[in-house]
């Protein structure tokens, strides 16, 4: 079984930071491994302190359910099939954009989570991280 | 007082696993007894790690309120009579499909909880478990 | 990276159950994988309901720190180097006997946790599980 | 107000990693700023997953009380003046070696927390990080 090394995580984070700098919005960026456990986290200078936890939870959520938190969010609105999932797992489930799985050979082996801007910004920074994986 | 033995739980889980295999979606399956306490849990290879907690909570919820989590969910949407119930009991209340009570002689004596796919898939796998009880 | 499959977990649990039956003390037995996530759990008929959580936490702890909970406990007494570790990780750290790592080729790839009797009984039942891995 | 930048945190972490490599014990290393909020975290390959939380909490604790967790631990044993402090702050207080304040011009502006080995190893790796600050 493959997973995410610290070197992988640093490469993902570096690419995500570059994108955040381009956007001009400081971000929290977190990477978890195949077990959902944190490998690395950075908070760029000036990024929201409330987003430390959110970036880590977005990464965990994306690995925990092998899905982007954006897509999970769509299915977790009132009346949708997963409404209520945000109350499970001790509050670790994030249901808004910014978390994306990291895959190798078609298997999810980790995830990146980004928090610090709008949902669209967070998701695009996470995508930049995924592209570097 | 009647309850669910480990042998009962294994029969329920085996039937649920068989259904999950047919559907081709790996699942977490949990069974609780008349006290709502876990009797047995399995995570099939490749099933979501975020669903460990959810399967157990769905089983707990179905016994705790003697209702399927699908039906409880219908009553827990915004504007409905139980909206907010998902925030009670320390986060153990699941309000989406996949938990079904286990009854004997018309009395609920336990429950099965399934998590790992769509709401419809989870519910059908739980039904297969119930049928074996 | 190797981990623990459901088939592995069932073999470990079966051996642990056999030992518990010999001792005549019903047990909770849990197995986690390389990420510390639950693979399977059983509560034998008559085993303590308060031990559901403890068996799972012992397994998690043994994988989280690659050590038996018995040995971790020796280092976590007042005045010892890890005193206070039991208050970390949201209360998931168990510092009394019953959790043992599962290793393959010298690498810890999971763990078994047992709770339901004395520390000595729990540890011996866990050892029986490890021997079957 | 002076604090710890991401660049500072990376310099501290790099020095700590170097020391951990010399010791041959993979570590979790975390740095917090003057508000006690996480700036950066890394888990070296093979480091204990249970130490993610502990490294962050050690850093938080050292800034929260402007003291090393080793010294705080000495005062938090049974019978000592701070016994019980490990149960406060939602479980974030670590009372064993590995957390050390980061100071500038005699003022504590952040902290580093290390977890992954013995108390002595964790403390020495944290000291290496402090020296680079």
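Going by the order they are written in, the chains are A, B, C and D; count residues from 1 in each one.
Keep in mind that, in the parts below, contacts are C-beta pairs under 8 Å (C-beta built on N, C-alpha and C of every residue); 3 or more make two chains touch, one makes a residue touch a chain.
Keep in mind it's a predicted model, so treat the numbers as computed, not measured.
Copies subunit C and subunit D of the same chain sequence form an interface built mainly from non-equivalent positions, shared numbers / all numbers used being under half.
Averaged C-alpha coordinates give centres for subunit A and subunit D that are 25 Å from one another. Separating the CA-averaged centres of subunit A and subunit B is a span of 28 Å. The geometric centre of subunit A is 31 Å away from that of subunit C, both derived from CA atoms.
Within subunit D, the positions touching two or more other chains are listed as 49. Touching pairs of chains, sorted by label, consist of A-B, A-C, A-D, B-C, C-D. Those residues of subunit C that touch subunit A in the shared complex are 1-3, 33-37, 90. Every residue of subunit A that touches subunit D in the complex is listed here, in rising order: 5-6, 9, 35, 37-45, 49, 52.
Within the complex formed with subunit A, the residues of subunit B that make contact are 48-51, 53-54, 57, 73, 76-78, 86-87, 91, 93-97, 118-120. Taken in their complex, subunit A has these residues touching subunit B: 35-36, 60-61, 63-66, 78-79, 81-85, 87-91, 93.
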